[in-house]
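My structure is below; once you've seen it, I'll send some questions.
Per-chain numbering from 1; labels A, B and C assigned in written order.
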Amino acid sequence: MQQWEAVIGIETHAQLATQAKIFSGSPIAFGAEPNLQANAIDIALPGVLPVLNRAAVECAIRFGLAVGGKIAPRSVFARKNYFYPDLPKGYQISQYELPVVVGGSLLIPAGESDKEIRLTRAHLEEDAGKSLHEGAGQHFRGCSGIDLNRAGTPLLEIVSEPDMRSAIEAVAYAKALHALVRWIGICDGNMQEGSFRCDANVSVRPAGRQEFGTRREIKNLNSFRFLQQAIDYEIQWQIATLEDGGRIGQATVLFDPETGETRSMRSKEDAHDYRYFPDPDLLPLVIEESWIAEIRAQLPELPAAKRERLIADYGLPAYDAKVLTASLDIAKYFETAVTVAGAAHAKTCANWVMVDLAARLNREGREIGESPVSAQQLGSLIARIADGTLSTSLAREVFDALWTGQGASADEVIAARGLQQISDSTELEKLIDDVLSGSASLVAEFRSGKEKAFNALVGQTMKATRGKANPQRVSELLRRKLG
Amino acid sequence: MALTREQVHRIAHLARIEISDAEADRTLEQLNDIFALIAEMQAVDTSGVEPMAHAQDVAQRLRADQITEVDQLTRRTAFQLIAPQTEDGLYLVPKVIE
Amino acid sequence: MIERSLREIASSLAERRISSVELTRLYLDRIARHNPALNAFITIDEEASLAQARAADERLRRGDAGPLTGIPIAHKDIFCSEGWLTTCGSRMLANFVSPYDASVIARFRAAGAVLLGKTNMDEFAMGSSNETSFFGPVRNPWDLTRVPGGSSGGSAAAVAARLAPAATGTDTGGSIRQPAALCNLTGMKPTYGVVSRYGMIAFASSLDQGGPLARSAEDCAVMLSAMAGFDDRDSTSLDRPAEDFFRDLVSDRGSRPLSGLRIGLPAEFFDAGCDREIIELVDAAVADYRRLGAETVSISLPNMRLSVPAYYVIAPAEASSNLARFDGVRYGYRAAEYHDLIDMYRKTRAQGFGAEVKRRILIGTYVLSHGYYDAYYLQAQRIRRLIANDFAEAFRQCDVIAGPTSPTTAFRLGEKAADPVQMYLSDIYTIAVNLAGLPAVSIPCGFAAGLPAGLQLIGNYFTEARLLDVAHRYQMVTGWHLQHPRGFDSED
């Protein structure tokens, strides 16, 4: 039987985290009433002109630096001409021949090792508006409604080389890219709101052949799950078509999550002829070396470098390092906590961030940036575990109190509730004497050789201290007294 | 080089301008006259000449990332007063098929 | 009053010898009387104009007046004016009341000038005769059977017939200078980037530039001082210190004020393509310049012959894209009947645009389309570079280039309307200036068979003040610019 190989390239539109639009002073916040965030420029009144937003360019430079691409010293905005009601000017301002970022690459996990996915380019462009169709709670008597709030939102279109060979690799790439754009703060990554959307170019070829097959482009995949489903479906469909003796025609298709299938877009049936030419309303974008240097200096340590460092500096396992660098917020939280708790307790910090904190955040559907317990608070809590003040169970109680706002710091909660472990021997000895005198039968059992009775006596003592005693200490003292 | 009637129809479609066969024929004649005028330019050897897109050799100026828009509802009302068809703040067009 | 310069009008207003309301009323009355014959205006709004005049009178009373406060100015209907119909001469925008002001309009408002009315123009500024306007052709006040030139024909006819003291225009390939020549006016196209394009409805973005049409170089200087200036809403606006374009005009430099000025005479401007009588008038003007102290040098602009072909690639290409926004969705015309979205687009644009605009959109769509871009658009941009280089070379040998503005005087209505190529060639002397982005002025230099002819003076980048001075020195010793058409005299 014929073996097939899939070839996949991904184009990603990342909405840039600016305040205003790329060519106008309108806000880009999501969810406003229709057309309230569309000014004269966004609705393309006659005579209006674009002026480029500096922050959008900064985002592109950050990205270029983060993927090791080349920042073009001179790039050019071009007009992509086509008619569509959500495209108010009748053209989209984009970059064509001279994009702002050229090349670069991204590592994705592939089996045991990492695989490098090369990037072709990244360019700045504006988003279109939205067409709302009859049915979605709207009824415009056979019409579509046009909302231009999104028109002019800054996008970075990131184009990969066709370096992926399976849907799994494609998803790994999309996830790595998603994490990176959030890490460097250029995109909020909100896929439901469309801040991060992927188009997948998929083709198949007989295994071992050099030339690519004809590709079909799946548009607008706004979740990793859909990305995987759509590519899997498309690969199977293309293989089945070819094995049935059919041919693949170049096409733009949409993925239907309901049916799990892809279908051709009618609006794209027109032969594409976008008539690109340099936008005469915008001058060449010139990026000086000094500006790049300034941005490079502000760039956070990148995930791969940080991973290496967490392993080297704190002796963390590779798994922990990977989890703690899933986002810049997590990494920052962890590192702040470690600074407060002390580097020697990094593993304890890692465990708390990865287990206790993560579980609580997850349960309440919060991001780490919204954690009621700050990294400083957690760090000081861990310091109290480390110095023996708190047992693990007491620490959880303090954590809970901090989470619900019943104290400003671990020490404050400990003091207010008298939660310090009782390590003081005189006080403990007195308590133990009381327990022993009230548990004659257990003492007798222990002396007759039943080790289980000893554990019961430890438990009794802990209970008498309401958990505040240091269990090691209790055990030591009990042995001494009974021995 | 002369255009064909099919080419005229194709570019008219790209430009979204309805054109009848009779108009296409008339237009074809005029466009061919104009392209004959343009042909003089095409004969010139311009190898090594840098294309000139702008009159001034200046770099793009950059705007600060600031929201400059206020009073959005009043503005939308003013904008939609001059629109052919709107409803609930949306511009209406014949149904879009994706 | 109607023959007074802008500076004289300003002092009459300042000295309260006339009020802005009286002055505005005077011009509105003249428009009411003479516009039906000329069709120079598309929109007049007496109440709005008089309200502005009253506000200007208040400013004058407060002593808070500038050089244009209270003076009525006509604006080409290509400049968006808040609350005013702004049609660009097209059915497409025949119902478009602009919700915002173009930067140029805002500058005139801030200066306290009165918006007298919106002037007729070739549709979307595409034309050289003002015959492509949806609102009908404009007639030349010097001969009502002839065209005023275009595309700023309404502004030119209005100022020539003294229906406005001065007007704005725009010039993409000669649209200020050619009508100025055909109507005996002084009209200036500034260096590209000097006047903001924000709110000026785009024809060919890399060539369009606003400028004044007035009765003298002196008036142009006053107008340009109001129009010019950096605008952060236009990426192509040049960030330069504000200029007083009047500054050189006032100095007394004796009987040979232009000593040391080198005027370049390009052989290509004086060829067989130009009417003999016009060449004679230009030669006579050059002789006048020698008497004023200038010397002349022969120069060459070898690629100028390629300017018309290059222009008719670049301008339609940009226009085809600029005019894509007129789709019947957000403003302007929408066809009454259609059966789906594409049909709506096609019918709206077929009915909303006139023949010349559609022709140019089709040319532009073609030259940008797949497989033709390099041969047409890129080649035209390379030719553009060659033409700009020619000028750079010429300005090493001279300070100002002189020649005819237009190869003919005003032609008859309908004479060239059926032949686009003949029409395009009427801009043969003006187009190269737009491709290079240079400043140029057209000034009256005499009459051929009773029709005015224009002398074009082209300067190097940012030499507007110098060009206006050179024009002004000529106007100090000649009277051509003072001639005005008969039948539009002051009634008092």
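Quick note on the criterion: a contact is a pair of C-beta atoms (placed from the backbone, for glycine too) under 8 Å apart; a residue touches a chain by one contact, two chains touch by 3 or more.
These numbers were taken from a predicted model, which means no experiment stands behind them.
**Q** Counting C-beta pairs in contact, does B-C beat A-C or the other way around?
**A** Here the pair linked by more C-beta pairs in contact is B-C.
**Q** Going by C-alpha centres, which chain would you call the most central?
**A** That would be chain B.
**Q** Measure off the straight-line distance from the CA centroid of chain A to the CA centroid of chain B, and report it in whole Å.
**A** 40
**Q** Between chain B and chain C, what distance separates the C-alpha centroids? Give it in angstrom.
**A** 23
**Q** Which integer distance in Å separates the CA centroid of chain A from that of chain C?
**A** 56
**Q** If you look at chain C, which of its residues touch at least two other chains?
**A** 96, 99, 206, 232, 235-236, 320, 324, 327, 329-331, 341-342, 345, 365, 369
**Q** Which chain A residues reach two or more other chains?
**A** 40, 43, 45, 51-52, 83, 85, 146, 273, 275, 280, 282-283
**Q** Where in chain B do residues touch at least two different other chains?
**A** 14, 16, 53-54, 56, 58, 60-61, 63, 75, 79, 85, 91, 93-97
**Q** Please name which positions on chain C make contact with chain B in the complex.
**A** 95-97, 99, 191-193, 206-207, 232, 235-236, 238-239, 305-306, 308-310, 312-313, 320, 324, 327-332, 334, 338-347, 349-350, 353, 358-359, 361-363, 365-366, 369, 375-376, 378-386, 388, 419-421, 424, 435-437, 461
**Q** Over in the complex, which chain A residues touch chain B? Could you list them?
**A** 18-20, 25-27, 32-40, 43, 45, 51-57, 76-77, 83-86, 131-134, 138, 140, 142-148, 254, 265-267, 273, 275, 278, 280, 282-286
**Q** Per the contact definition, I'd like the list of chain B residues that touch chain A in the complex.
**A** Against chain A, the touching part of chain B is residues 14, 16, 53-54, 56, 58-69, 72-73, 75-76, 79-80, 85, 87-98.
**Q** Mind listing the chain C positions that touch chain A in their complex?
**A** Interface residues on chain C, with respect to chain A: 79-80, 86, 88, 93, 96, 98-100, 102, 197-202, 204-206, 232-236, 317-318, 320-321, 323-327, 329-331, 341-342, 345, 365, 368-370, 373, 377.
**Q** Going by the contact rule set out above, which residues of chain B touch chain C in the complex?
**A** Residue positions touching the partner: 3, 7-8, 11-19, 27, 30-31, 33-34, 36-42, 44, 46, 49-56, 58, 60-61, 63, 75, 78-79, 81-85, 91, 93-97.
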